[in-house]
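Take a look at the following structure, please.
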Amino acid sequence: MLRFLIRRLLIALPTMLLIATLAFGLLHATPGGPFDSAKRIAPAIQRSIEAKYHLNEPLWRQYGRYLGDLAHGDLGPSFQYRDTSVNELIRQGLPVDALIGSLAMTFAIVLGGFFGIIAAVRRGSAWDHIPMFFAALGIAVPVFVIGPLLILLFAIQLHWLPAGDWEPGAVRFLILPVISLGFPYAAYIARMTRSEMIDVLGSPFIRTAWAKGLPKRTILLRHALRPVLTPLVSFLGPAFAGVLTGSIIIESVFGLPGIGRYFVTGAINRDYTLVVGITVLYGALIIGFNLVTDMCYAWLDPRVRLHT
Amino acid sequence: MKPPALHSPWQQARVQLYQRPLALAALTVLLAVVAVAVVGPLLSSYDFATPSWDEIYQAPSLRHWLGTDALGRDQLVRVLWGCRISLLVGVAASLVSVAIGVLWGATAGYAGGATDSMMMRFVDILYTVPFIPLVVVMTVLFGRNFLLVFVAIGAVSWLDIARIVRGQTLSLKQREFIEAARALGVRTPTMIVRHLVPNLIGVVIIYATLTVPTVILFEAFLSFLGLGVHAPLASLGSLVSDGADHLQSQPYLLTAPAVLLALIIACFSYLGDGLRDALDPRTHR
Amino acid sequence: MRALPRALLLLTLIDFASCSGESAPTASTIRVGTALAADQSLARTLDTMPHSLDPALVTDSDGSRVIIDLFEGLTANAPDGSIIPGIASSWEVSPDGRAWTFHLRPGARWSNGDALTAADFIYAWRHQVDPKTGSENAQELTPIVNATEILSGHAAPEALGVEAPDPYTIHIALTVPTPYLLDLLADAFMMPLPRAALERYGDDWTRPEHMVCSGPFMLKELVIGNRITLVKNPNYWAADTVHLQRVTYYPLDRATQPSRFMAGDVQYTSFFSPQQYRWLKSQLGDQVQVGPYLGIQMLAFNMLEPPFAGNRDLRLALSMAVDRQILSDKVRQGVFPPAYAMTPPLPGFQEPLPDWASWSDERRHAEARRLYAAAGYSASHPLKVELVYGTEPTTRDMMDALAAMWRVNLGAQVEPYNEEFGVMLQDLALHKAKLFWSGWTAGYPDPYTFEQLYKSGYAQNFGAYSEPHFDALLAAASIEPDNSKRYRLLEQSETLLNAEAPYIPLLYYSTLHLIKPYVKGVPRNTMDIDGSRYIYILEHEGH
């Protein structure tokens, strides 16, 4: 296992480099620059701004400079928010996304897993059809409809919950965003869990256990759960990373100070450092979670031999 | 006495499918939606682009069954057109996506070792590529082309399927029948296509049907950024997006496209379930 | 009898050439007995998160909005938009309009208690015009002597034509008479800067713990993407006329502002969607406020290439075929008035309108068709062109409406084509679009700020319109010290623009706000300058 871990970490470094390069290259290839605006700017000032952000240097040198900073953990200044650095923006925004994201995933796993299993066990009954109907809905109805609908109901009509805003530590601001963000994932998980569970329940070894007279609960929790978890875990890996970098829609609907919005407005405003910085962060998270995921594969399914 | 009739796996599947009323119902509804989407606009006296200045933002009535939009255009016709576009994009891009994802994932999982590692690292990298600039660059490079929408969506959506398929392949690889086939000397490409892929069908079908809504919604996001369908055409996704902006003031603008969208997607899901049940040999009792 | 000469003196003071008044604070007058809320806190919105609160680096209108609460310049805007004394209590100008003298009030202080003197302004403007600072607003200072040389790098910032003979006097030397100078000085980028803070903290000086302000409020908290909290500045020279204790700005998507307003989270919004006007009015009544605004929505032609270059008939045909009344009444629910000429209504300016503006629809359409045919187009040979615009849902509806109008009224096939904003700017700079969406808002209340868009070589003159006679009229206007003569020249130049039609005016913008009934004293003016200084909250219940 240790060799596996080391090998993966060694591969991770060039991967991160590749990610950073790809993001850097793509952004610079996109037409338009960060300081294009509808205002006219005197050439001397344009030159000065470009010098300050090293935009007047040849691309390879900018790239080298960026990598050097990256090695020190410095993601550079933001081109959009001229008083702030990318590190600062991420430091401010990431905790919000992390909190909401992890709560949303927990909500999704618990809700989705629970209903998925029950639907599989009581297949064909109301316990199957009704949750699966809602699951289909959860996948079909976009987040930018769920969010405003919840606001309409709970904030505007009932005044039970705030329509948005954020205060660290205050629970009431978390409820609607977590539900809006988590519900589509709960739907995916419910469907997937159900289908995998049905698969497993029909397999010979479960039938054997059943024939042996093992109690239903033991069968379910001890034997059936493991194989179900494999595809689930491989779905969760990238889903976690996606959720963590923030759903831009959730952030804009609820006015949350996360980094997902920076990403899109950064791309639109060509904030090179911000977008590349978030991409690198995203990359690191994905690689990290993939590692965890693959280790879980091995633990869950002993038949998979980890090639070292 | 006649010998028992030999059914091919597909014939068997069809029999199984007929025994599952929900899946059949889903298929019927889908076909009905497609029929209405194709025929409906031809029967209507309204078209999707001509404004009617005095009929702006009208609630549903006998004249306009689903009401009118911001320019007085008949919402029913626009929604039907939206169905056409969304279905087209959804199915086409999903097929592209599934094809790439399955081949990639199965190959990676079966090959194992360095090849697997390399291929999956490539998937990881693609996950992190910022997709807005990517699509913007592609737009500029290829000009304004509807095909571009499929390519862009297909290029971004095959990743999940690849991952899942690779995971399943890793598990399947250790199964006895694969060992047996290998012992018999079956070559790798045949192995992948003939033995692995059919056993992946269940998972792949579920994921294909799960990809359709993702694709349709991604197309809405692209339309929102100006890179999907061009006005005055609209897809269900962009109609829903517009409707959500007017949730309080003109709720009827959201209802029809959202319901249709949900319906199409639910039907794909139930159908996928049914097909999976029908085709997956392990669940036959 | 002694009162009369005093009154006459006051009357003559409302003269453009000089202004000298008492340093009387112009707070909104609240009637005695009005019940004010105990908690004078206001929650209001911005459309976007400001990129910077540094007056030298501000680039967006939302940033300016907040800066005007934090800082005060030599002059300020009264609630009705007119210019009143700010840090300067009085000023004079020379007869040729090129030399101004400002007298600062001695009691003015920074928020940390330091005295606010002329040196702070001199430092700020030199810093602004210095190319090393990289300010995108530095162009606005070109009327000041030597500004152009400094901007091109040929002179040091110290050469700027401003000086402070003593701590409370400032001389400004101009290259051309600039009637809008007083408006300029009230702008966000002309604010004084605290030299000590900038030198000590560098780029970090705008953090709440370091920032030093000269205006009615100070910065308490800044959470990027979430909110900006201001509290009353006790060291502001007119602090006793400021009622609000706390102002919180929330950057919110335009689409979500009305729902947050209705939930009671915010009490004053910076925007609402025109297409929701009727519905909002039915729900909120007088809380929906619409007012005139100095801005125009229009389309512009590419004057360098066919089909529009050299084809005035075609341009006029397209312009006439647009049913502006329908756009205004139906598509925008009556919120934006129709525009037939470049400059929105301004007092003292006789807007020249094309004669066809008052024709009946039939007559106008007939003439449009005649011109269209004269330009060489017909049913069998229709005009086919793309209409380029930046992606935005509300703009899309306008484009669809216009395309439909041209199809029905002329038989022309105009196809709306949306592009991501950054890509569109590039296309426009390269003159690739033939017909494109454009808009313009006033930098100050003057026709020149609109007409200069069509000056040869002006950076945003994306259509590359160039007409020497027009340029000559603008040049003459810019050196004319007498304002009414100046307006006559600008009327002539605008008449020329109307005849040449390098653009299609569509609608004028309006100010759009939702205001809770207990929020009073909100400034209403055509520049939409709505600082929090004059606002107060009445006692109220609920949201």
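Per-chain numbering from 1; labels A, B and C assigned in written order.
Throughout what follows, contacts are C-beta pairs under 8 Å (C-beta built on N, C-alpha and C of every residue); 3 or more make two chains touch, one makes a residue touch a chain.
Values in this document were obtained by computation on a predicted structure and should not be read as measured data.
> Out of A-B and B-C, which chain pair has the most contact pairs?
Answer by contact count: A-B.
> Looking at C-alpha means, what's the farthest chain from chain B?
C
> Averaging only over C-alpha atoms, locate the centres of chain A and chain C and give their separation in whole Å.
Between these chains, centre-to-centre, one finds 40 Å.
> On a C-alpha centroid basis, what's the spacing between chain A and chain B, in Å?
Those two chain centres are 21 Å apart.
> Measure off the straight-line distance from the CA centroid of chain B to the CA centroid of chain C, and report it in whole Å.
The computed centroid separation for chain B versus chain C comes out at 47 Å.
> Out of chain A, which residues touch more than one other chain, so two or more?
In chain A, residues 30-31, 148, 152, 156, 268 touch at least two other chains, as defined above.
> Provide the list of chain C residues touching at least two other chains, using ranges where the numbers run on.
Counting only residues that touch two or more other chains, chain C contributes 259, 262, 420, 422-423.
> Note the residues in chain B that touch 2 or more other chains, in rising order.
136, 140, 241, 248
> Would you pull the chain B residues touching chain A in the complex into a rising list?
22, 112-113, 116-117, 120-121, 124-125, 127-130, 132-134, 136-137, 140, 159-160, 163-164, 167-168, 170-171, 174, 202-203, 206, 210, 213, 217, 220, 237, 240-241, 243-244, 247-248, 254, 258, 261-266, 269-270, 273, 276-277, 280, 282-283, 285
> Inside the complex, what are the residues of chain C that reach chain B?
255, 258-259, 262, 273, 275-276, 278-280, 326, 330-331, 390-391, 393, 396-397, 399-401, 403-404, 415-420, 422-423
> Under the touch definition given earlier, write down the residues of chain B that touch chain C in their complex.
Residues 49-51, 53-54, 56-57, 70-72, 136, 139-140, 144, 224-227, 230-232, 241-242, 245-246, 248-250 of chain B touch chain C in their complex.
> Can you check the complex and tell me which residues of chain A touch chain C?
Touching chain C from chain A are residues 30-32, 35-45, 47-49, 52, 80-84, 89, 92-93, 148, 151-152, 155-156, 159, 162-166, 251-253, 255-258, 261-262, 268-270.
> Show which residues of chain A lie in contact with chain B when the two form their complex.
Its residues touching chain B are 11, 15, 18-19, 22-23, 26-27, 29-31, 129, 132-133, 135-137, 139-142, 144-145, 148-149, 152, 156, 188, 191-192, 195, 198-199, 202-203, 230-231, 234-235, 237-238, 241, 263-264, 267-268, 275, 278-279, 282-283, 286-287, 290, 297, 301, 303-305, 307.
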